[in-house]
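First comes the structure, then the notes that go with it.
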Amino acid sequence: MATTELGRLLRLAGDLRIDFIDSPALRGNPLGDPSVRPLAIYTPPGFDPGGSKRYPVLYVLHGYTGDVAALVAARPWETNVVQWADRAIASGEMAPALLAVVDGFTRLGGSQYLDSIHNGAYGTYTVRDVVGHVDATYPTIAHEGGRAVLGKSSGGFGSLYLSMTYPGVFGAFASHSGDTGFRSSFGPSFALAQRTLEARGGDVAAFVAAFEAKHKRSQPEYATIEMLGYAAAYSPRAAEAFAFDLPFDAYTGELREDVFARWLSFDPVELCLTKRAELARLRLRYVDCGRRDEYALDLGARRFVNRVREFGLEVRHEEFDDDHRNVGYRYAISLPALVAVLEVG
Amino acid sequence: MATTELGRLLRLAGDLRIDFIDSPALRGNPLGDPSVRPLAIYTPPGFDPGGSKRYPVLYVLHGYTGDVAALVAARPWETNVVQWADRAIASGEMAPALLAVVDGFTRLGGSQYLDSIHNGAYGTYTVRDVVGHVDATYPTIAHEGGRAVLGKSSGGFGSLYLSMTYPGVFGAFASHSGDTGFRSSFGPSFALAQRTLEARGGDVAAFVAAFEAKHKRSQPEYATIEMLGYAAAYSPRAAEAFAFDLPFDAYTGELREDVFARWLSFDPVELCLTKRAELARLRLRYVDCGRRDEYALDLGARRFVNRVREFGLEVRHEEFDDDHRNVGYRYAISLPALVAVLEVG
Amino acid sequence: MATTELGRLLRLAGDLRIDFIDSPALRGNPLGDPSVRPLAIYTPPGFDPGGSKRYPVLYVLHGYTGDVAALVAARPWETNVVQWADRAIASGEMAPALLAVVDGFTRLGGSQYLDSIHNGAYGTYTVRDVVGHVDATYPTIAHEGGRAVLGKSSGGFGSLYLSMTYPGVFGAFASHSGDTGFRSSFGPSFALAQRTLEARGGDVAAFVAAFEAKHKRSQPEYATIEMLGYAAAYSPRAAEAFAFDLPFDAYTGELREDVFARWLSFDPVELCLTKRAELARLRLRYVDCGRRDEYALDLGARRFVNRVREFGLEVRHEEFDDDHRNVGYRYAISLPALVAVLEVG
Amino acid sequence: MATTELGRLLRLAGDLRIDFIDSPALRGNPLGDPSVRPLAIYTPPGFDPGGSKRYPVLYVLHGYTGDVAALVAARPWETNVVQWADRAIASGEMAPALLAVVDGFTRLGGSQYLDSIHNGAYGTYTVRDVVGHVDATYPTIAHEGGRAVLGKSSGGFGSLYLSMTYPGVFGAFASHSGDTGFRSSFGPSFALAQRTLEARGGDVAAFVAAFEAKHKRSQPEYATIEMLGYAAAYSPRAAEAFAFDLPFDAYTGELREDVFARWLSFDPVELCLTKRAELARLRLRYVDCGRRDEYALDLGARRFVNRVREFGLEVRHEEFDDDHRNVGYRYAISLPALVAVLEVG
């Protein structure tokens, strides 16, 4: 029986609490986002913080325009990732595990969980400050064999990126509709962003200020803030707010190949080419995507999976008949699959 | 500075906690919904539970398919009703007040905050059990001069209904895009429900079971569950699950005037005709609606306002250029307006 | 082989010509619409205007916002009613027949094919002037046993209306997604019209002028002109442009039951109650509608069919899985069914 | 006063006839499309075929999935290109001119007006067979100073392509929302086509057959036929039905740069680089596009315009607040502008 308010709101058999951690990696970041971040910790039924049993930990990364609060929120008739885990553990389908839901939000909508001179060191924050806090605070299996990382959309990207960039931290990943195949996915958003920014005289700061001040925002406005956020992560120019390069010409929208090359260096489809060793040490590589994904991420996933398989490595790759939105029900598949390969204390 | 996890997630100057109250009114309800319900309590900055200051209370009612957890959830770039109140108080625009966010959810998506032999006594639950708990637990101004009720959509309906049906409980109401003018608002949904139910062989229980089991639901399915929920509230037949009458013919979709007359008896436009005294004792009657409301509730609001004004009573009536969704920014207007007419301790 | 330009554009085995007839019934109509109207005449392969063979005639009525030119236009990958007939005759599935496509357009988008003091005598025009011209000009079977009437949407309405109002003219009808069940179908459009007209200060003439001058029109604007057109047909006030009553209150959108009663007197569901004899003499009564019709005309059709069957009369009633748009493929069913019951010379 | 049926349906002051021309260039084309094509000829008021006055000719090219019949069709409240010309001439705003509306349809939806071993020689057909017929049949100013070419979407592309590829034929062009900037415009359609074709086992012929047989087609199906049509025009492999290369990998959707390079050689943005002389001899270069174009053709237009201006050549370039659909009102601007630079007899 849940004891915390959040745990009770979610009607959990286990429990859910929020830690607030002050990340050295995020202090003084140029965008002015807080270094103190919420970290949601799910503990399974029967969890005894002082007992001898040690637990594997699943690190959950939210998507773009998401944050911890939104990801753990309960909604009638919906099941969030914490509730999926709780059900799977309560039913015995999955061994008991902790979940740690990481906050990677920025003023521009998200950090992509990577170190950027513009945004702050969100990669370091995740693998050092967050993982360090969890291992220091909870009875965890404190090595890669006891940790997995997963997420949807930009959270799926983060799972792929962190697994390949920080070997030895996580033993498995699951990427749901993760950002992959950048050459295919951004075109329409670049056009929307070009127009939206031009309408603001090309003034990024003015656009962001107006965006934040609005009660309601249009789809082109959301696409624009998202492209700004990716530029802040993939092509920063300096440690100063809005000092980043956009990968398209301000007037013609043409791809600026020099800038986009920096984006592509983060594309899992490209990044993986030099990451055979990092991928090989993982116990599970899980990738899925809906075949109607609006950003063609199903095709990016196929490219990534093909390349990893060319390394002679196995990937669990699933496709399903759905689009990019509200595919949280896929956690019911990935969560048990991840725990099944981890050490379980 | 917020001290609870929820309060910190919402970055409140005040604080937010969840009480769980076991409502006698809801025990043993035929639908099998829990009698223990979350009640979110917002307390302003400087709140001292043991001090001598007493506070007015704003009772907030969520809309259809909503619940307490969803209403108090934080979302990036969005502001919920609790955050609007917190801001208004922190800025000095509004005197300190408590908020009590009431849970009126049922398996069919909502109770309309009224006593139904089918759903349970949600009206009594709200005005007796919830209000009773708040006055017993917090330093409130424990009479109608210190209480207001407000909400959006079905929550707006609840505000109107409870104000007119339980005089002496609340001293003011604010209805945002509240359900009014039933003759205009339900037509398209009745057609959708007719078809959806026919496709299930007219078996309401089978439809509800399938609805609950789905990962994703279509717009016609949502419209259908909503019509079932209203029938459960407005035209119940017995204290047994799904024992209610639908106001349309199962084959032709034609309005069943006998059943619909029961619905109309709850329509604020009709109900108000006999409620002059109840309306007259209120300190503020606030009604607003967007002029692009998909359910034509702007027109229902005009009819209601006209009738109340014909009583010689004032109504604050506002219209704005928006549709039915995401109009929470209107709380920035209604919350201070309500507190301004209440006793403030 | 087609010889006319239109016939060749449509790649007909038969042929298509346009007659322009000057209708006494339409002369001097208050709206200022022309009395000279195009009438499209389809003749089958082998047609000999001077021969002894006489042909049955199918009178085709277009829908609201349509006209003769639009109905006979060819579009790649689409098949219009003339092409469906031509195919069915060429394949031997249907006996040779003429088609006469009637123009019922007005400045407000359509006449509903009925006599209105406001619009002009479109009923008389159709059954007297058009039918008279066809019988005078072509080798037809010049009595009801050789004539049927059919159409889609408002053309379906016209087919029902004319069959019931002018007995002895047509021997059969087919109504595809025809306007029926007025109580269910107009609600959302009334709300849109209320708002659109209010935004023009309630000035109908100003709205119409602006509508005509626009390059592009919004969906609410189309809904508004349509409601004006129906008012001009169903509830005219005088023989003067825009002298008609709208069936809703200009401020609250509430149904004006006195005006709407005039509309209902044209609703086939109501009209049929006194038309048993007129319906009984028909050789075929054909009604169909898609089960996702946006105006719930499928439900109106069921009501109409139920009532006619209560008279002890047969109706061919079909439903299909589609919405209101682009259902012209249903002509492939109705055209042969109509000709099968007519005298074929 | 119009004398032809089409002219009267369109209520023209001038007149409209359809010639059917048998094009040697199209005979025996692999797709099996007819070599006999309709050609719509507009003649202005006062036109005397046997008189001494000679007229300039505007060649009008329809868009993808369009054809002559669809382009000249009349629709209530709409104005087609022929009607725009007729109005402008009748009002004196534009000198009398002929219009010749060219048919470039194929089984795959369009030819892009260029010679393809797969589709047939639609470029030659247009500049030799059509222009030859017009000059042989009508009193035209039979050289480039008396001819312009214009169109929308793929018709805009055709105008650009033919002007640059066949110098000396046309003296001016107008491209409305023409296909330009191929790198930006096709991404989402490639993804849709990949999925649609995979669902048919990659069998193009089977997809086309199913497409043709359907009563209604989905948006992904339309996007797929369009990509096939472009491949048939830009990257044909042999003179055999469906023998063309698609510019994306059948499984991953990745761009096949070798194939796409062939497409790019037709992109006006690339093609113009070697066409300075051809562009320089033109009397007017007119380009416009809506700033909400769904295919980002506004951005392609900017790139094309920039390059032509870098040649030191003037371009009339306009942008407007609209999307890709129903922008025919732009003809009211381009038609008089074209005629103003042509010789007018």
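By written order: A, B, C and D. Residues from 1 in each chain.
Note that in this section a contact is a pair of C-beta atoms (placed from the backbone, for glycine too) under 8 Å apart; a residue touches a chain by one contact, two chains touch by 3 or more.
Being a predicted model, the structure only gives us computed values, none of them experimental.
Visitor: Chains touching chain C and chain D alike, please list them.
Guide: none
Visitor: Most remote chain relative to chain B, going by C-alpha centroids?
Guide: Farthest chain from chain B, going by C-alpha centroids: D.
Visitor: If you line up contacts by residue number, which pair in A-B, B-C or A-D shares over half of them with C-D? Let me know.
Guide: Repeat interface, by the over-half criterion: A-B.
Visitor: List the centre-to-centre spacing of chain B and chain D in whole Å, with centres computed as mean CA coordinates.
Guide: 57
Visitor: Can you give the whole-Å distance between the Cα centres of chain B and chain C?
Guide: Using C-alpha averages as centres, the distance is 46 Å.
Visitor: When the C-alpha atoms of chain A and chain B are each averaged to a single point, how far apart are the two points in Å?
Guide: Computed value for the inter-centroid distance: 35 Å.
Visitor: Which residues of chain D touch chain C in the complex?
Guide: 4-6, 8-10, 17-18, 20, 38, 65-70, 73-77, 105, 109, 211-212, 215-217, 322, 326, 329
Visitor: Looking at the complex, which residues from chain B come into contact with chain C?
Guide: Chain B reaches chain C through residues 181, 183-184, 187-188, 190-191, 194-195, 251-255, 291-292, 296, 298-299, 302-303, 306.
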